[in-house]
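The same chain A turns up in both complexes below, where it pairs with chain B and then with chain C.
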Partner chain A sequence: MSTATTPTPARRPASRSRLPLGGKLGPQPLGLLLAAPYVLFLAAVMAWPLLQAVWISFHDYFFTAPTAVVEHPFVGFENYVTAVTDPQVRQSFVNIAVFLVINVPLTAILSLVLASALNRVVRFASVFRVAFYVPYVTASVSLIGVWMLLFSSDGLVNTILGPLAPDPSWLVNSSLAMPSIALYVTWKQLGFYILLYLAALQNIPKELYESASMDGAGAIARFRHVTVPGVRSVTALVLILAIITGANLFTEPYLLTNGGGPDGASTSPVLLIYQKGIQQTNPDVASAIGVLLVIGIGLLSMLAARAGKED
Partner chain B sequence: MPGQKTSDGPVDARSGAVAEVAEPSAAQARSGARRSRIALYAVLALVALAFVFPFWFMAVGAFQENPTSSPADLFPTGGWTTQNFTEINSRVSLLRSLLNSLIFTLGVLAGTLTFGLLAGYALSRLRWRGRGALFAIMLGVQAIPFQLLMIPLYVQVTRTYGLGDTYLGMILPFLINTTAVFIFRQFFLSLPESLFEAARIDGASELRILFSIAVPLVKPAIATVALITFIGPWNEFLWPFLITKQATMQPLAVALANYISNVAQTAANPNGAILAGAATLAFPVVLLFVVFQRFFRASDVSSGIKG
Partner chain C sequence: MTLSRRTFATAALATPIAATALAACGNGGGGGGAEAQSSRGPVTIWLSNNEQELAWGKAAVEAWNKDHADEQVTAQEIPAGQSSEEAITAAITAGTTPDLIFNISTAAAPAWVQQGGLVDLSTFEDGASYIEERTGADVAKGFADADGKYYLLPWKSNPVMVMYNKDLFEKAGLDPEKPGMDTFEGFLAGCRKIVESGAAKSAIWPAPTSEFFQSWFDFYPLYLAQTGGTQLVEDGKATFADEDGLAVANFWAQIYSEGLAPQEASTDDAMAKQATAMQAAGPWAIASYKDSFALGLMPVPTAEAKDPSEITTYADSKNVSMFTTSKNQATAWDFLKFATSEEQDGAFLETSGQMPLRTDLVTTYADYFTDHPEYADFADQASRVVDVPNVPNSIEVWQAFRDQYSSSVIFAKSDVESALQAAAEKIDQLVAE
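What follows is the complex of A and B.
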């Protein structure tokens, strides 16, 4: 462990693949040792909290001092009932649906079109790439600061729109707050999906485009009949990742619309998990919201995966 | 993408095919291709502008005495100041929170570059019982949203282990980046098996093969992994926000968010101060990215996502 670059001669050169344990643990049991920290990490940070989240959602759970021994009685679906009957929770799920309806298709279409365009240019290609990726690599907190000012009542966007500016303004308008967030997230994340599509476009054989041109297919027809089917599996991935990212929306409603405002119009389920679970110390109801959210993501992702396979 | 073919396959092919038939129409096709090429560049340039514009707004506004909203102010001729940085620094210690961000990020980088590399090697080059299962779990893990784990992790880290307001508590849930493990695995898989066979025949131990053959060869992948891993914790907001109460422990993303939502209203020039904070948070990553963007390759990154 001490020297990673200069190889120290192994002290016991005979002891690796021919250990007595070798047979049971496979031909190279060293692999298990090398992967062990990562396995422990996954168990401690993923598997165990996942089980706990589900367990908490079925019990009457509250925060206690670490040493206190307290009962957390099983309450069945009570937390779920509390969550589902709460109008705030329902509204947050409607909000996230609005978000996904705008964000997911827009993301898939724009990123594929831009990636195909980017794939065809030689000059300035790296300049364009940097421009497209840079919002993705930048902290959302930082960019939210900018968008807040651009879209505020007397911000640059409204100044340019003049009499066409919406009233109340974008982020404080209950029917525009969520669409504004959806547009912001589309812009922020687009570079990442362009990157995924670029990798896929490089794998489409050039001959397909050539023979399509021979058959008289124009640029649009080639896009529809060669590009779109050629990247279908990546489209499924893009849809799934966009759904997962969107369903995890937190920072944007927390900061950009000042805590899910106006009047809950942009509250997201994760914002509620934070508010109910940690601020109002109801971790059990918050966990129930989380489990419901994950079930929803799972169902939508399965639909997206199917869309990627069918033709 | 660097070094990838970027020639325009379809259009070249068409003009080439037509050229065999008749010369004049070849010229026509060529001018058509030229026009569509200009249109392509124009569209890309417009979109690129829309992507970069907020950064321009941030950089200019951060140094303006009074950033306002008229389009003319986008290209100011005077009124430059560093007062905005002084203002936000008086409420949020910029240096201290930059240092916190750096420690958080370097901790995650160190964990990922050591344990992630070892795991990637074990998953690609060694055969042991459980390897297939681990790989399947890694694929599944990517579908679990962090937000579901948020409450149990919060309970464990802050209450059970008392790691609230500590760097360790911030780093732990991000210690090993799974995307990075995928990229390392993919990289080691691309090395020729003969290299490892030869060393084994020479009697080198598996440990020795790892440190004298695999690790020295992995340098090209390290740049990509470091870049991808860096942006995660540096930009992360939710987790450090949950577990840091003391201002002296907060990374810049958390400190800036608190400034925006609580303090800005009372500032003399809140817009300028917000933009100054935003620019401070964005600048290190944007700089790193622009300098090392050639390591942000489509093929490498997507192999890390798709597994």
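What follows is the complex of A and C.
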């Protein structure tokens, strides 16, 4: 093991002498070159539009034909004030908080439990993995059609529940619309997170499970003291991804609850951004909502990342 | 030339050749300018992806191109998008609009004028006179902006009436020829019979969803009928927070509270599946349903009985606009007149069953309506139609109305009268901006 590190200091001067910029650009300047296309892609497709959205959010802005040169005066926080004083915007952030409270923990718990179970399955393992992954790769529009049939007033779910069926029904019930969407998204995304956990589970040394068994740990104790700590870094990733995708919720309230209904109970911030920015041509206020959402997602993701750090 | 949002909008609305001037003062990106108005050459038009409209459009273009070798017209479908309005907004912003689009919603036009995307057709020598002569001055003026300028040529309408399934009416014990549902009271009584008899699980099924345009097919036609054609906003003020608006809103609230219409959207075509006995519909519905069931039509109801010949309804029109990117506006204007001529309107009616927005429709195309009597009711109704008001922030205005309407009328979460008042106050602010 100790011999592996000794040759490195001897090789570094040689590489520096071959590449004159090597010193300024770090030990692997070729790496920068290889990463450059993706960095440029990110800058053009992600960073630039984000910066532009921030700029728009501080100006009086609306879309115009390119032949018209229009003044966009700086308005300070006016668009942010308009956004946060709008009851619909406030309700949309509450709605998305409800969604995240249900969706994120459920996603992390169910995907870990199911991945652990799948990891132990020997026969038909591939069949089960594909079965969980299929909803993730299926177009949301077609799946939503199925859920609408299942959860409509006369749908299969209410038929089975009989007198226990909620009234009004799931998707037109102010208290149940957002939880229904959260359940749908959890189910749809589960396959992807199961795959992440499966990869992590296969990296946990079997010896740890054997040692725990020899120490008398049962299945639950092994799961709690070996599996959960063993996939902690992936759990952080799952939480961050679930928060980001969840906070960007659009298709489901747009289609499943027909535009954020009933009475705005499932309106998400991104749906409002679409309505205000594209339909109502107020991109300045829409950008302000977008920036607030980015800040919120960033803070939540930081918390999730911190929770995932090793002690 | 640099303009702020408000002065830009004002300039676009107030200057006689605002749209073309805006194009001229810009930084390139596609034609426009005063010289464009007299320029001739090839033009491009966009049509909706409706099969019949495309068929008519291609035939009209072919007929034009035969006689205009130097002014060829190319027809294309509107690019795919969430809606044609979004595709057009994006095209205006990118400067990639064609010369003409034959699918312009009245509600979307004010924002496009503000964007500097549309040409004021009144600036053509015979612009206003042609539009008013073809459509009738009274109807045409409903499509003009507050200053009387025509950024839209009113093209065709789908007058909203109540379509019903005669078989289900008979099953419910209603006379399918004279159902007696012309008043709110009579309509409610008929609805109760339909649901209580089990003929259909719902009497009527308007989309109870939150999109801004849904009120055009529940509240608005009845409000226009009730008031004799008062638009949602007139003279810069919301009109509906009054006795008439309240009567219409309370009528629909009762429909929902008694379970005569569902609070959730249909997962299928409710009319085709006979899950509902009635639906607000335009002439397009005849082709869709005539082979499925015996189809009846009646005007939308009012609080007190009115003669059907006095009923005004929602036009559900689509119009034609010229875009400031057009480099050959003289040709575009001539083609627009050709495509909306008596001959081409007749061809359009024949192909699509939709009603050209022109005067004396029934007499001009008497032969067509003799051969197709099922369209005669719509043709008669087409002379008494009103569209959405041409006001600033139009989409926001309708969304504000829909939000309050959904809350109070459909889901009974708030008091109807207070909701109408709240919507009116917000709309007054939006229109004044």
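Descriptive notes on the structure:
One rule holds in what follows: the second predicted complex is superposed on the first by the 268 of 311 C-alpha atoms of A that agree within 3 Å, B and C clash if a C-alpha of one lies under 4 Å from a C-alpha of the other, contacts with A are read in each partner's own complex, and residues count from 1 in each chain.
As a working rule, contacts are C-beta pairs under 8 Å (C-beta built on N, C-alpha and C of every residue); 3 or more make two chains touch, one makes a residue touch a chain.
The structure displayed is predicted, hence computed values, not measured ones.
In the superposition on chain A, A:81 makes contact with neither chain B nor chain C.
In the overlay built on the shared chain, the residue A:171 is in contact with chain C alone; chain B does not reach it. Using the contact criterion defined above for the overlaid structures, shared-chain residue A:228 touches neither chain B nor chain C, since it reaches no partner.
Counting the residues of chain A that each partner touches, chain B and chain C differ, and the larger count belongs to B.
Within the superposed three-chain model, A:94 lies out of touch with both chain B and chain C [touch as defined at top]. In the superposition on chain A, A:65 contacts both chain B and chain C. In the superposed model, A:130 lies in contact with chain B only, and not with chain C. Once chain A of one complex is fitted onto chain A of the other, the partner contacts of A:281 are limited to chain C, with no touch recorded for chain B. Of the two partner chains placed around the shared chain by superposition, chain B is the only one that A:247 touches, whereas chain C remains out of contact. In the superposed model, A:261 lies in contact with chain C only, and not with chain B.
Taken together, the two structures place residues 63-66, 145, 148-149, 152, 154, 258-259, 278 of chain A in contact with chain B in one case and with chain C in the other. Within the complex, the chain A residues that touch chain B are 3-5, 7-10, 13, 16-17, 24-35, 37-39, 41-42, 45-46, 48-50, 52-53, 56, 63-66, 114, 117-135, 137-150, 152, 154-156, 158-160, 187, 190-191, 195-196, 198-200, 202, 206, 209-210, 212-214, 219, 222, 234, 237, 240-241, 244, 247-248, 250-251, 254-255, 258-259, 270, 273-274, 277-278, 283, 286-287, 290-291, 293-294, 297-298, 301. Of all residues in chain B, those touching chain A in their complex are 1-2, 4-10, 13-14, 17, 36, 40-41, 43-45, 47-52, 54-55, 57-58, 61, 67, 69-71, 74, 114-116, 118-119, 121-123, 126-131, 134, 137-138, 141, 143-156, 159-160, 162, 172-173, 175-176, 181, 203, 205-208, 210-212, 215-216, 231, 234-235, 237-238, 242, 253-254, 256-257, 260-261, 271, 274-275, 277-279, 281-282, 285-286, 289-290, 293-294, 296, 298-299, 301-303, 305-306.
Looking at the complex, you find that chain C touches chain A at residues 1-5, 8, 22-30, 32, 82, 85-86, 89, 92-95, 111, 114-117, 201, 207-212, 262-265, 267, 324-325, 393, 395-396, 399, 403, 406-407, 410-411, 413.
Of all residues in chain A, only 60, 62-71, 73, 88, 145, 148-149, 152-154, 168-169, 171-172, 174, 258-264, 267, 275, 278-282 touch chain C in the complex they form.
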